[in-house]
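Across the two complexes that follow, chain A remains constant while its partner is chain B and subsequently chain C.
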Partner chain A sequence: MFKYTSSNKLLLDLAWRIVFTLLLLSSSQIVLADNVREYTIKAAFLYNFSKFIDWPEGTFIDASGFRICIAGKNPFSDKILSSISENKTKSLQVNIKRIGNDGIVKGCQIVFISEPSSILGKHIIKSNHQLNLLTVSDEPGFTAGGGVIELFSVNRKVRFKVNLKAAKIANLRISSRLLSLAVKVESGEQL
Partner chain B sequence: MNVLRDLPIRKKLIYMSMLITCSVLFLVTTALMMVEVFNFHKETVSKLKNIAEITSYNTVAALRFNDKDAATKNLQSMNANADIHYAAIFSKRDIVFASYYDEVFDDHDESEHVLNFVSEFNSCNRSAKFGSDMLLCHEIISDGESLGRLYIVSSLNEIHKELAYKALIALLVLAIAIVIAYLLSSKLGSFISTPIVSLSDLIANVGDNQDFSVRASHEGDDEVGVLTKGFNRMLWQLEEHKKKLLRYNDELESEVAARTMELSVTVEKLRYAKESAEKANAAKSKFLSHMSHELRTPMNAILGYAQIVRMNKEKSLDEGQLKHVNEIIYAGNHLLELINQVLDLSHIESGTLDVSIEVVDLTKCIDECVTLMSGLAEKKNVTLINNFTEEQKISADYTYLKQVLINVFSNGIKYNTEGGSLTIASSNRDNGDVCLSVTDTGIGLDEAQLSKLFNPFERLGAENTSVEGTGIGLVISRDLVRLMGGDIQVVSVPGYGTTFTIFFKMSTN
Partner chain C sequence: MKSLFRCLQLKARIAIASLSIVCFCNSLQAKQDIDVSTLGLEELMNIEVTSVSKSAEPLSKAPSAIYVLTQDDIRRSGARSIPEALRMVPGLHVAQIDAGNWAISARGFNNRFSNKLLVLMDGRTLYTPLFSGVYWNVQDTFIEDIERIEVIRGSGGTLWGANAVNGVINITTKRASDTKGSRVVVDLDTNGETLALRHGGSLDNNGHYRFYAKGIDRDAFKTTDDNDAHDSFDMLRAGFRIDLSPSPRDEVTLQGDIYDGDNDQTIRATSLTPPASLTTEDTVENDGSNILLRWTHLLDSASEWTLQAYVDQTHREDNSLEFDIDTYDIDFQHRFPATTTQEITWGLGYRYIEDDIKNTFTVAFTPDNRDQNIISAFIQDKIKLADDLSLTLGTKFENNDYSGSEWQPSARLHWQINEQHNIWTALSRAVRSPSRGQNDLRLNVAARPGTPNPTLISIIGSDDFDAEELTALEVGYRGRLSDSFTLDAAAFYNRYNNLLSREANPFTVEFSPAPTHFLVSTFNANEANANSYGIELSSTWQVTDDWRIHAAYSHLKIDASLNSGSTDTATVSELENTDPEHYVQLRSQYQLAKNLELDTMLYYTGRNREKDIPAYTRVDVRLGWQVNNNLDIDVIGQNLFDDRHPEFTAQDIIANEIPRALGVRLNAKW
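Our next item is the complex of A and B:
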């Protein structure tokens, strides 16, 4: 008959701990990898939106390029951002700009707001109607709060919602082809 | 070709028009069908291009946002087109992004088909026929950026069915057209063939019956009309000619009859004349014969007594009386000779002269006659040259032969010129005859004299000369030679002389 001893018990406990820790570690690794992939796709989405949205006339007259701005915390890898900035859209070279706490978003066409509920985020959303900004965020409830496009994940696939009212305020015309892909289109009456 | 050549014109026309109709229709139908096939393919490709254009436009967003569900939903709209069996969107990495297939297309085929398509299209934006399918590749481009490819497979079966249906209709039309062409051409062909056939029948009829009074009838001024008119004109001319010929024939016949009548009358007249002439001649001969005979008897008495007077009373007669008696005897002898000759002639003409043919030595006879004539020749100063020295036997009557020779020789001497000559020779002998030529050197005879030479009592102007003669010696000579089976011919050159050639039958033994 096998006889349990305290040292044995301790050993078993230690083993379990090790296994658990290992599991925890690996799972965090997976989560981390998933996160990178998701933001890579989201970065591509930012660029692709430009293909289905028309800015008002005269927007690009003095523009040195098509500017995608990132306000607040930057969740994107440098690699994906530099690869995006190699492309052209609306016959213009894409360039990426970080927005600091001053919140100057003039010259931006697309603004990714990582924290829309912050002061900076709210400021940018408010200046939307003057600066014809396509505001994008992956914060839940962004469209309800006056943002134009909200990204979210379903079954590990990135999907988006569109607030038409906000788009209209920003004077942006969104292609029906894009709208047909949107999971939800809000008229944004609650704003 | 020979078979075609002997066909009646009507059938030729029918076959010709049917051949033309069929070939034209066949060509037109074939051309139309080819155009149809070409157009069908073009239309199909163009339709597929449109569909591909719209679909790829609508799929751009789905591709950009990696939304396979949306892309698949987009492709589902192909459902509206029954011909499209399969459609697929390939991403940039040649991975199937979304696909559509209808119930005909088995899910199992997909991978195989996809591989085929991709291998079929190295470069996109073109179409190709793949079995009974039309394949189309369309590059999905957004903002100058290639996002992937759209492949569409459309079945051509429906189109082929429709084409077969159209071909069937075309064949039906062709068949109907052939029937109509046959009916029309046989109906219309008779317009052309009937007048020609009736004309040819008429020609055959005219040829068989030699009846030129018939006329061909055809209205219209076409070639057949012209032909008919020409034929009728020819018939008319033939008829006229025939009439003329008949008329000439009639005229000729009556002419011949008239001439025959005249001729028979003339013949009758001539026969009558001949008969009367013969009668007259016979009467003359008879008269001459009788008269000569009657004249000879007193003549003999006169001569006999005159000779007695001269013989017996020669011494008692003086010179003047003797001269008169001699004159009587001379003139009596001449008259007796004349009477004898007339008697001979009448005997010859009445055919009562007996000729006894025997073998005669011609050379000897000539010699005797030459001797007899030598006195006369000497008197007339004519040289006799006898070159007939070769012995020659002939069949003749000796007495008459001598008479003939003497007559010819004496003529040659009497009508010769002073100091002339008479040459007797044997001339060419052909066909067994013996020829004797007697050539003088007299004044000769002209054509007119020659033609009268053998007429009785014709002396050719010698009657006014001192030369004595009766004018019937030559006639008798020729008749005698002829009775002995020979002949006398005369050749004369005026101013140079005359040659008498006498032919004799050579003695057979």
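Our next item is the complex of A and C:
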């Protein structure tokens, strides 16, 4: 197997050069960033949406903060949620709230729904003309089913669709800057 | 001696490249872990997530016979090269010719220079324009950095361009952001050894880089009487990839490879002086390089454009042929939603190829250097007819120097019956444009001594050779029959017109080169036709949490005929009989313990009647032990239950039987 042929000699030379390269590399100090996890990005999207949307007048009159709520299963890590709640939006401190099965979404401005087809999910979507919530989900078909913003992925990057009709029903005004980045869904369907 | 010198030259270049990358990285500031909550929308839209749990366009909705090999599939197969990994793709005919050479095709017409299959790596076409075939022994990369290999069986003409007649193999390597850190792979087996290194890291501004170097040394196989088969193969290769995000909406990739290696072969050569037809042992020198730049710009969530340009340089030299080919290619692609129910993708492409050939008596191109221009454009409209029904209409236009303008339209319909079951059907037309060889090559196949004059037998290229045409009808089902069982089934009926045939020239006498000889020759024409039909089944069964079984079966039948008046005598049998009728594949992936994997692969390939190769069964086994987070040790046995068997033969070189191989692979990362 290891005849001393010229190609084996070349292989040894290659090995030598690899070792040399590695030595060089170990002397350099390259800090590797952690791989960015899917729901860390999605959580950051939730916070960012708040900056480009106007809620109906009176929404924040006696609000103690800007509330991002998570209905049903929570896919986000504590680390990213606490890092988001350190920020302010619309001059209000962000706070995060979990919505239980009682379905009380009062005081929420954004609600992330992990399972829109659950009873809780359906209830929120159906009564959003009174709740004025920015409903967000990453479930395929969410905007078609009446949700306001649907997160989806293209080439492992997160993109979003906006259902303009659902936004109107919830009395939300969406800035043109946000819309310029979104796939716009008129009423029901989009590609 | 010359080859050694070239090798040293290459090594010097690799070393300089490695050093300069290292220095480049050190000069940039090290990147810290990012706090995503401080990023804006556009920046967020440009960050890649490690995995996506809910994909917008799952594979089950593709309206074509598509199969994807993931890095995990490749790792668990123990495959050492791209062709070895392709054995796992249902419906693909993968046959090894000797230690380094392969014949690969989909849906028939397999050959060392299969010309009805398009092979791409990261957007770069891998076939040689001389024959429209792939020299598989020079196509390689750092195998662990392959993200996926997507194989479409059937016509991919609309989007992919000429030669995607019977299939497309699309090899995609990982983004540099996914290959951070160092990895060393040492592979030792009874037929050779491989040593490979990769290092990757982060740059400023959300950018990443990696580079790799790899050395392969494959020993010669044995002949049937246990002598050295003179087909050993070695290759040194290095490459890099840099992914940058100059703005939140832009992504730029720069990548390149360089390689140099030799392989021994026994080649057939023809001579007018005795011995007339002889086989000689010689050494092929292969080297080449490529560099590719791709720029993707995001317009909004649903639309983006991509601009890609590459240069590829290939040099190959053996006793019968020496050539240099330079390819320059530029492509533009734009995708956008035209209405709420239609998504349009269109593109333009231009390719310029220049070659320089040193002719020999056996293989001669006239002219011996030639420039080729290929202009192409395509448009595809994906129309959502209803919630569960979508129609994709498209056409590709191509203009090449040999057959002029070609149109390749297709229509594909996908119906999602419910969450579990999908049906698709497609009707398409595809063409295989003539290659340089079919126009300009004179191949002196054999010579027979005789008195007073020898006789020379030749195949002569023809300017009148036109494109080969295909009309394909396909239908498929993809679905989940139970929680643990998925099935993918496709059936096709292909009608080929204007296939290559070899028509007799009048018997003549040639005075040059001396001695004066009789010439029996054929010219390339389009007098053959064929119908082919077949089915391809593949399924996955998750038996338990720890055990998964893949099973696949494919059947292929080809009926060929000649137009009346054709004088061809060999083509019909070649077309009908070169491809085995049956293939079976069974793969088991078993998790023996938390850090121990046992993978077993069985491949059955039916008899090749044309080449008189008996049916064979091949069994590969891999035992993978994850020693710790930094080290994997694999024990790999290939072709376990057979000392050796033939898989294919080639027209120009002597094929050898494929032996058993036992080996160990160490895969370390940090």
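Just so it is clear, the second predicted complex is superposed on the first by the 148 of 191 C-alpha atoms of A that agree within 3 Å, B and C clash if a C-alpha of one lies under 4 Å from a C-alpha of the other, contacts with A are read in each partner's own complex, and residues count from 1 in each chain.
Note that in this section a residue touches a chain if its C-beta (ideal position, glycine included) is under 8 Å from a C-beta of that chain, and two chains touch if they have at least 3 such contacts.
Note that this is a predicted model, so its numbers are computed, not measured.
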Classify the contacts of A:41 with the two partner chains as first (chain B alone), second (chain C alone), both, or neither.
both
Is A:89 touching anything from chain B or chain C once the two structures are fitted on A? First, second, both or neither.
first
Return first, second, both or neither, reflecting whether A:175 touches chain B, chain C, both chains, or no partner chain.
first
Mind working out whether A:161 is in touch with chain B, chain C, both or neither, as first, second, both or neither?
second
Counting only touches as set out at the top, which of chain B and chain C does A:140 meet: first, second, both, neither?
second
Chain B and chain C contact sites that coincide on chain A, given as residue numbers:
41, 45, 48, 52, 157, 160, 178, 180-181
In the complex, chain A residues that touch chain C
1, 6-8, 10-11, 13-15, 17-18, 20-22, 24-25, 28-38, 40-41, 43-45, 47-48, 52, 80, 83-84, 86-87, 138-140, 152-161, 178, 180-183, 185-186, 189-191
Which residues, counting only chain A, touch chain B once they are in their complex?
41, 45, 48, 51-52, 89, 157, 160, 175, 177-178, 180-181
Give every residue of chain B touching chain A within the complex, in rising order.
57-58, 60-62, 64-67, 70, 142-143
Give every residue of chain C touching chain A within the complex, in rising order.
4, 7, 11, 14-15, 18-19, 22, 25-26, 30-37, 39-42, 44-56, 178, 180-182, 184, 188, 190, 193, 195, 197, 199, 201-202, 213, 215, 217, 219, 232, 234, 236, 262, 300-302, 337, 340-343, 382, 384, 387
